[in-house]
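Worksheet: one structure, shown below.
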Amino acid sequence: MDEKTLIAKRVALELFDGDLVNLGIGLPTLVARYVPVGRHVFFQSENGILGMSGPITGAENNDLTDAGGSPISALPGAASFDSALSFGLIRGGHLDVTVLGGLQLDEEGHLANWMVPGKMVPGMGGAMDLVTGAKRVIVAMQHSAKGESKIVKRCTLPLTSVRRVDLVVTDLAVIEPTDSGLLLKETAPGVTVEQVIANTGAELIVSPDLRTMPLEG
Amino acid sequence: MKNKLISLEDAVARIPDGASILFGGFMAVGGPTRLVDEIIRQRKSGLTIIANDTARPHQGIGKLVVEKLVAKVITSHIGLNPDTQKQMIAGDIEVELVPQGTLAERIRAGGVGLGGVLTPTGVGTTVEEGKRTVEIDGKTFLLETPIKADFALLAAKQADLYGNLTYALTARNFNPIMALAGATVIAEAEDILPVGCIAPDAVMTPSVLVDHIVTARPR
Amino acid sequence: MDEKTLIAKRVALELFDGDLVNLGIGLPTLVARYVPVGRHVFFQSENGILGMSGPITGAENNDLTDAGGSPISALPGAASFDSALSFGLIRGGHLDVTVLGGLQLDEEGHLANWMVPGKMVPGMGGAMDLVTGAKRVIVAMQHSAKGESKIVKRCTLPLTSVRRVDLVVTDLAVIEPTDSGLLLKETAPGVTVEQVIANTGAELIVSPDLRTMPLEG
Amino acid sequence: MKNKLISLEDAVARIPDGASILFGGFMAVGGPTRLVDEIIRQRKSGLTIIANDTARPHQGIGKLVVEKLVAKVITSHIGLNPDTQKQMIAGDIEVELVPQGTLAERIRAGGVGLGGVLTPTGVGTTVEEGKRTVEIDGKTFLLETPIKADFALLAAKQADLYGNLTYALTARNFNPIMALAGATVIAEAEDILPVGCIAPDAVMTPSVLVDHIVTARPR
């Protein structure tokens, strides 16, 4: 199993029956594939639909797309709406889970994921509203990039929100930001606590209930 | 997924005495008639009710006032229910009068997670009393705060089993914004349909906002 | 012609083709009957419809009512909406004209029309938003009530808005509140300037262009 | 009543150089393609454009950037249009980045006559810079001000001759709120229908908000 699949499978276990879920672009999108059997999850696309699913060949339509403008499909029971209501759902606390990628995550549980000053200024899109408004924010990302840990003492990149995220899932570990700091709760199959610590640029508290990452619901 | 369709009795049994409740409807049009009657039957009392108006004494939520189940009303109009005025003057019921457009924005603000809105309505009138004002480009606005409630009781034309709702014509009124602002949302629907029978573009309240559905037709 | 019909006919001449118009309950409602031929006016009912018209026998419906809960009809091209959009149209400056009744109107053009402390506290309903937000506010009322002029130096009743209304049409006169005060622009057929002044509790400026109230478009 | 249906050329001829324009659409989906192309043909320049994103370089309003007709952009995302980023870094174009939900509320506020809204989004981030904050019940919010523009250019699925509009699925996005916030509103519609062919409950933008209609189909 590649690292992205591992992350997506683990995150999928955090989604429950009836949840409204928003998946960020890139890695988080993969999560939709691994929702445990028997759980009906409603996926929202912030451009204005709830009940989205992957595209169906032959039924692609210019008026039915995801936030990147790519074709999607709609499941029976889907609802479409304008941008004001779409973000009303997000900001108003009606979104159960958002899964987002990250550039940095720090000891306070703050996420930076929308710009690298002087290098990449795509704009925050919906990320700031999602992190501020969702009931549960899950960061799904590689533990390191270019040999450097993405989990750091303090974010040097501009923050997405001062709201503490709820869970971080990487190819090495599952970490929960808490009042006392970053709690290491799970290690990926075949990965030791020492490896996680060595690859993390922030203080980790090892949970007394540490376990190996489950991948099936 | 959990079945959202429950009995009228079960739905109302979830409401404790003293609850705050948003009621859809405008002069009882688009208001949840059966839920109101069941609240009376179960004698839920000490309620805070939030609605456009208190209808007429023997109509819609007007009956809750007559039955003395209401402690407080937040509303824009009580002119057609003399019982509300009588109980207000007697001090038996607290009434907060809110301009209709401000009421709509305050409920919407509560539902969409805004800390408040700035409105020109009411500036320089008695509505301004006790409120913060904010200047924007030399113009004065009132800072109006969000309204949320323990429950929102709605009346829909159609509901599918996921909880997607549609409303007809002027029966829509406050229902869609109240669906956003109730911690628990219960919709009474004339027609209950299988999932997929309401087209995505026709949905006026998305399923995920609705917790329970009851039928508006006695079965 | 009775006084109410006279007022309604005169007000109707202020409505133009394509206008969005909101009529208050009571006297203002009559205005709809006298819209000049060839002008298509869209009437809004603030409970959530645009394109309303009088009820049609046999097609009354519980879901199609005015703000008082009485049956109405909808013309082809009507649109229905929720209360947030209905008042968005009103507050946002999209409503061309509102016609409202009045209890008092003063020299500053301030209207009081929603309560008589200690006597009648119906609530403001949509009146405050209408007077604050409409492009043009027309007050349609009897000149006097119980022998006392409703046009006064300064309102003693709680104001509906501090926005100056645009025109006042009574059974005696048409008056325009201006920077310099209340401008008497028209007298009703058979009514003299002296009669208007004698029946008015506020200072009036007689327009150099004073004319007799027209009643047909 | 005045005929709202006009030619594409006439519609765009009404837009002066330097105008501010709200553009419906999300990654060009639900954006007014023909109006954009005609703006390029008529070389309207120095524009301030307000839209969710600047699409891709050869798509929708992305083309306006490539053609150097844009002086300023207010948007939530420019990540898929390298030209916007390039011109921003070169100082040829001013870019104001706004969180997407805040952008929606600011445009809506402009359209419905609010002086502003209080949002938790962006508190403590670079988005807060230069903005007033307001405490409500101990929680901090940013005071975000309304956005209005000289024009709103929309893309609709259906228009009737009064100007009532419907949108399909995710092509709705910013169109309905922009219809409220443009001083002049021009809608490009796929299907143009006689009055009465859109049911009142299906209307997503009421006729009175729309000034001009153009057909999205070359005739």
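For clarity, chains are labelled A, B, C and D in written order, and residue numbers in each chain start from 1.
In the analysis below, contacts are C-beta pairs under 8 Å (C-beta built on N, C-alpha and C of every residue); 3 or more make two chains touch, one makes a residue touch a chain.
Since this is a predicted model, take the numbers as computed values, not measurements.
K.L.:
Can you check which chain pair, A-B or A-D, has more C-beta pairs in contact?
P.N.:
Between A-D and A-B, contacts are more numerous in A-D.
K.L.:
Just curious, how far off is subunit B from subunit A if you go by their C-alpha centres, in Å?
P.N.:
Once rounded, the distance between the two centres reads 35 Å.
K.L.:
Could you put a whole-Å number on the gap between the CA centroids of subunit A and subunit C?
P.N.:
55
K.L.:
Using Cα averages as centroids, what's the distance between subunit B and subunit C in whole Å?
P.N.:
Chain centres of subunit B and subunit C, defined by C-alpha means, are spaced 29 Å apart.
K.L.:
Where in subunit A do residues touch at least two different other chains?
P.N.:
49, 74, 80-81, 84, 87, 90-91, 133
K.L.:
Give me the residues of subunit B that touch two or more other chains.
P.N.:
Correct list: 105, 108, 112-114, 119-120, 168-169, 172, 200-201.
K.L.:
Return all touching chain pairs.
P.N.:
Listed in label order, the chain pairs in contact are A-B, A-D, B-C, B-D, C-D.
K.L.:
Using the touch definition from the top, list the residues of subunit D that touch subunit C in their complex.
P.N.:
Of all residues in subunit D, those touching subunit C are 1-2, 108, 111-114, 160, 162, 164, 180, 195-196, 200-201, 203, 206-209.
K.L.:
Of all residues in subunit A, which touch subunit B in the complex?
P.N.:
17-18, 20, 40, 42, 49-51, 74, 76-81, 84-85, 87-94, 133
K.L.:
If we count contacts the way the header does, which residues on subunit D are in touch with subunit A in the complex?
P.N.:
Interface residues on subunit D, with respect to subunit A: 26-30, 52-53, 55-56, 59, 75-80, 85, 88, 97, 99-105, 108, 119-127, 157, 168-177, 204.
K.L.:
Quick check: in the complex, which residue numbers of subunit B touch subunit D?
P.N.:
Touch list, subunit B to subunit D: 105, 109, 112-120, 134, 136, 139, 141, 143, 145, 166-169, 172, 200-202.
K.L.:
Along subunit A, where are the residues that touch subunit D in the complex?
P.N.:
Contacts found on subunit A: 45-49, 61-69, 72, 74, 80-84, 86-87, 90-91, 120-129, 132-133, 158-162.
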